[in-house]
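Across the two complexes that follow, subunit A remains constant while its partner is subunit B and subsequently subunit C.
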Partner chain A sequence: MGFHIVKRDNCPLWQKCCLYIGAVLLAVVIGGIVLLSIGVNPIKYYTRMFTMGMIGNRIAHVTFMNYLKKLVPLVITSIALSLAFKMRFWNIGGEGQFIMGAIASGFVALKWGNVLPMWLSLIIMCVAAMLAAGLYGLIAAWFKVRFSTNETLMTLMLNYIALHFLMFLSERKEDWNFFLDETSARPKFASFSQFVKMPTIKIGAKFELNICVIIAVLVGVLVFLYLKYTKQGYEISVIGDSVGTASYAGMNVKRIILRTVFLSAALIGLAAACRVGTAGILSTSITEDVGWTGIIVAWLAKLNTGIIFLASALICVLQQGSEVAASSFSQVSSSFANMLQGLILFLVLAADFFTRFRIARAKKGEKNNG
Partner chain B sequence: MKKFLALFLALILASVSLLSFAGCQPNEEGEGESNFKVGAIYINSKNDTAGYTFAHHNGITTAMKQLGLNPDTQLFIVDEVPEDKEQVLAAIDTLVGNGVNIIFGISFGYIDAMEEAAGKYPDVIFSHATGYKSNETNFNNYFGRAYQARYLAGIAAGLKSLETGNNNVGYVAAYATEYAETASGINGFALGVQAVNPDAVLYVKSLSAWADEVNEKAYANELIASFNCGIISQHCDSAQPQIAAEAANVFGCGYNSDMTADAPKAHLTAAIWHWDVYYKTAMQAAMDCEKAADFVTKMGGQAYYGGLKEEFVDVSPLNSTCAANTDKAIAAVRELIVSGEWDVFSGVKLSISADGTVTKSDAALVDNKGNEIVAAGGASVADGVITGTMNYFVKGITWVNDPNGSTTPDTDPDTSADASEEVSE
Partner chain C sequence: MDKIGVLTQFVYNIVLLNIPLLYGTVGEIMVEKSGCLNLGVEGTMAVGAIFGYIFGCYANSLGVGIFSAFLMGALCGLIFAVLTVSLQANQNITGLTLSTFGLGIYFFVGHSLKAKAWPVMNDYAGVSEGFQGIQIPLLSKIPIIGKGLFSHNILVYLGIVIALAVWWYLNRTTLGLRLRAVGENPAAADSVGINVKRMKYLHICIGCGIMGIGGYYMGLNMSGSFNSSCWINGYGWIAVALVIFANWNPALAILGTFVFGFFNALPVSASSLAMAFPKGLGWLAAIPSQLYDALPFIITAIVLIATSIRNKRGSSGLPAALGLNYFREER
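Coming up: the complex of A and B.
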């Protein structure tokens, strides 16, 4: 008597949905048990968390605006990463590419923000960020196609080079370092001119929609169309399935890899430009870890552009919500969100397993071929 | 895709309706002490058990209890907030959404966000540690005269150096002259040592990080082994330098908390903070204010800079390892500082003999490149210099890993001459 794992081919959509939703719920329940164990009422906590404390809050509209500010870079980064992942190019370097994009747009904003008209400096910021991030991503891609290096390691290491470059800029008080605030005796980043600020569209009396939200939706639609309906998008999926097939079909695999990685990294640069253009200042934690979280989101969404919006919306609710909830529960730290996020990822991956396999009871005498 | 779009739209609609609903909620927060709410933004976790965030959290909760406030229900904290303007602003929004009356931000890099938020929320009080920005109504900054406590710790170290006959004192510092906070602390300590032992020399090795436990230990060991230091002082988060001193059978002065338990044979005394002193003052002032805009007036200024007098800074109880008469000498100098008769960075020097008697004499304050900072008999340097632009070391200090070269600046008086201008700023 025993169990064995059997491959299943056709898992109906409703079952898949149930499995995934069940996984998320299970994560929430496990989180609730943890909360109970430290003496916190999980229902109260989760209510505050999932509403992000907006009920009965006189500045609920600000909470929602902050939520969108968090969401935009994550969505764009996740979509960008999914492009490279589709090709089975493991771009773990989102953080580094984001930072390079942020530095480039900070450079533009601080150098020319005062002289150029706002729309022009914002556009140059976006372009500069995309170029800087794209070229930074290209380093790993070039080494991969030229010397078959491992892009996972390479992009990972490049993250730290970028981060420490940014930290260097943040600490080095010298005449050449225009990134720093001249008026502060202690080194700190300079604020951009007031003319460098992503514009917002006023909706209703208080709510302001940041233009970056529209950019994020546009990026989502364009990438979806690109992957689904263009020749280049098709090439990406062929390479993802089999490099051999792609070569045999006469595709220039090296070129496609370089092009796609550049595009992926450039989009991450755009996310950085949105973040920096909204904040109006650099910081050493400008990425808010979207380069890492984006990987989780892309996988949770199974690289599906549409689902990425949903998954990142959920992850952002977790992050923002747990900050709000933790603020009023003295026992719980804001890191609770990280734990919950990890749990969800684990359980969704487990659910994923059950959409493709099932566990069957091995019958006596039956040949065990699972 | 259609399904997804529908879902997304539904999500937006749901959120918007939630918003409009939430917007209609009346603000039912009453006024008065029972409804007084405190907000705080921390750089590390509120559950820390040591270090900078712990010291502040401890200070805030202690002060609240003293004032009859309940930290469990009246304190709102957003912790692990990095020095990123957007994230700090979001944390402030969260706290304001909770209806707090006053917000404390404990890390320097919160400065721009707190300034902006003070304008955005005029009905909330903002108070920023270690910063230099403020306004005339609802935004102040606060810091303490740690250099006074350091001077007292320096006396303990100086007396010990006389006893052991080793004039070399080591100092593991987060930063050196890059930050006035570290430079003023190192200078204060050095002057305390020299008041007792004029032949003492101080070797500073800087970490270029506020916390780096590995190098905190390694640098202490290097100062002991290569520079023959008999006493190790520190400006860094962990007790590693004291533990290194203990292992090497030398002595040491800690920082932030009493480190005697970490190094019972080595530790003399530590320069410590009583953050609760400020937090109590500030919360009391905030509760007494009729409106948030009165806060700065109530506090008597835009910058709170308390010292030994306010008991904001102090030295920890003297360990039994201290040389004879340490308590007597420290008590005498404390009296001079608390009464306002004398302060550390002035043109008057204290000489403390081995039996603990203190005598005053006029002497110029000179930096380690030979520039005169304060003329003999002159008044103390301005507070703004001590907190902002003190980017020099006094005579007798050697910065051993100075990136700008020379490790013996004492004998090299013409390398830089800009330090003397600082007094006028």
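Coming up: the complex of A and C.
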């Protein structure tokens, strides 16, 4: 008896939900078995991880604020990447674009932060970051449309060029390098938190809501509307389906690619500005890998803007939670989150298959060719 | 230090520090020739490194280490193959996830072992002595090049042998020809009776196994000291770049390794070179080391653009179906 694979036209929503939730649960179970194998009680560990240690903690609101600080750049980056991915432009240069945005906003903050009023320098920071990141993203896009240079590999290279540029700024002690702290003999980034800091809104007695959270929600809503209801959003999805169709329909494919990649990269720059504006200082690990994690999130969410919020909230819990848990479980490294994250995506990718295809038995008398 | 000594050390470093790149590149060439773009080199190398090191130490044998590094690398390849070949998952995403996943495993395993007892390389004579340099008779007596090229550990020679063997395999054997056909046009290969799935599975696993050995080398070269940064430290990504630079040719990959290796070894030797040759090379010390670090990526970006501008089919070794999944029913 042979089996072969058949494409299925539609998969009911409940089946999809079951498959994906099942995939996530299975990943958690496998992770639990791994934990058991090194002698850690998985239930205790997971409780600590998924609650991020907030239960019975008097400074739980601080934990939650830190969680939001981590979440905002990830959400914006994932949404930005999903724009390019929808068009099947493999922008894996999130890291590099984020770094360029961070450098630009750091530049503004350090150069003019102490002369301009704060609201103005924050706005200029955001605009500068968006421009810098957008232009950096445009490099790969321009070569793609002009010479069909492979954008996956090109953006990958640009990531590392940007990273080493940031490292150069962080280590080069020279007169011109105003990125560094003048008072320190050892090269280290200068802090600008006393001049510019993303404002917060006080809610209740202790909790302070960072304005970046509102920016992230706003970006989410706008991108959702952009993709769903505008002509430009429609063009993106047509190109994603088929470049041939798009150009046959009279669309200027090259221009649309350039425009969308610029927008995608510019939003990543905005994420960087939020991060830098909140942190008040640059660092060589400023990205916290959101450029990579964002790809995973965007894909987990099937490039669906709404679900991106859900997926990035989950991934962020894993990351923040594993760091918290690492303090009470010394033998478990915080990179357990990365492992779990990888497992989840592997299993979700596998689940994808079953939403798109089904395995059918070969009929009697038919030769098995599967 | 005398001038000859400095030069010798420089050539020696070029080879010693960069052979992992060759393993990664040759492995990736094999994978890409089957039409799969695997961006998981970094993770695969990390997994091969940590398990190769641990098992090699426990068995007190370099051979066991090499074998387990290969096996664990191949296992990563198997994950990639199941997802992309059988389950039609996107190759970019799967590869990137493999990188995250592999690095996660590396730190998780290393960290949990360190909490108990980390094996120290020098305690295991079978590993540390096996990794000692081997002087090749006669050749190693040549000044500069002799010590620089022919006094290395066994894994250096193994890497060169693997690269040449893969070149021979791809270009001179029937199976290699079939593999290239799968990478160029899987539907056509399928129609002449080549089992596309089996070819892809086989070569993804072997290629990833080769990467794993490269990771193991990296761990040994750092004397197995486990700390906050990964042993692989970006070499996997450079390997992805080097594949393009070598134009998908394993023999050219050897040359490419040394060209990239030249720039990788420069920051290590720049100050001693500048001291030994103050007139000719004095300026070397003034160049920021970050520029050297970025050079492999800058060069690759330029090569990438140059090849796409030239873009004459036939002259490029880029497999035509690279990155595209093959679904038989859509043929």
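Keep in mind that, in the parts below, the second predicted complex is superposed on the first by the 358 of 370 C-alpha atoms of A that agree within 3 Å, B and C clash if a C-alpha of one lies under 4 Å from a C-alpha of the other, contacts with A are read in each partner's own complex, and residues count from 1 in each chain.
Note that a contact is a pair of C-beta atoms (placed from the backbone, for glycine too) under 8 Å apart; a residue touches a chain by one contact, two chains touch by 3 or more.
All of these numbers come straight from a predicted model, not from anything done at the bench.
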item: Fit or clash - subunit C, subunit B, common subunit A; value: clash
item: Touching partner for A:323 - first (subunit B), second (subunit C), both, neither; value: first
item: Subunit B versus subunit C as contact partner of A:350, first or second or both or neither; value: second
item: Partner chain in contact with A:342 - subunit B first, subunit C second, else both or neither; value: second
item: Which of subunit B and subunit C A:69 touches, first, second, both or neither; value: first
item: Which of subunit B and subunit C A:7 touches, first, second, both or neither; value: second
item: Partner chain(s) touched by A:333 [first = subunit B, second = subunit C, both, neither]; value: both
item: Partner chain(s) touched by A:47 [first = subunit B, second = subunit C, both, neither]; value: neither
item: Touched partner set for A:90, first subunit B, second subunit C, both or neither; value: second
item: Touching partner for A:152 - first (subunit B), second (subunit C), both, neither; value: second
item: Segment of subunit B intruding into subunit C (one of 183-191, 219-227 or 273-281); value: 219-227
item: Subunit B and subunit C footprints on subunit A, overlapping residues; value: 171, 330-331, 333, 335
item: Contacting residues of subunit A [partner subunit C, same complex]; value: 4-7, 34, 38, 90, 92, 143, 147-150, 152-154, 156-158, 160-161, 164-165, 167-168, 171-172, 292-293, 295-296, 299, 330-333, 335-343, 345-346, 349-350, 352-353, 356-357, 370
item: Complex interface listing, subunit B residues touching subunit A; value: 1, 4-5, 7-8, 11, 15, 18-23, 25, 27, 39, 45-47, 71-72, 75-80, 82-87, 89-91, 93-99, 108-109, 111-112, 132, 178-181, 208, 388-389, 391
item: In the complex with subunit B, residue positions of subunit A that touch it; value: 51, 53-64, 66, 69-70, 171, 173, 184-188, 191, 204, 206-207, 224, 275, 278-281, 283-286, 288, 306-307, 309-310, 313, 320, 323-324, 326-328, 330-331, 333-335
item: Residues of subunit C touching subunit A in the complex; value: 37, 39, 79, 82-83, 87-90, 92-94, 96-108, 110-112, 115-116, 234, 237, 240-241, 244, 288, 290-291, 293-294, 297-298, 300-301, 304-305, 308-309, 311, 323, 328-329
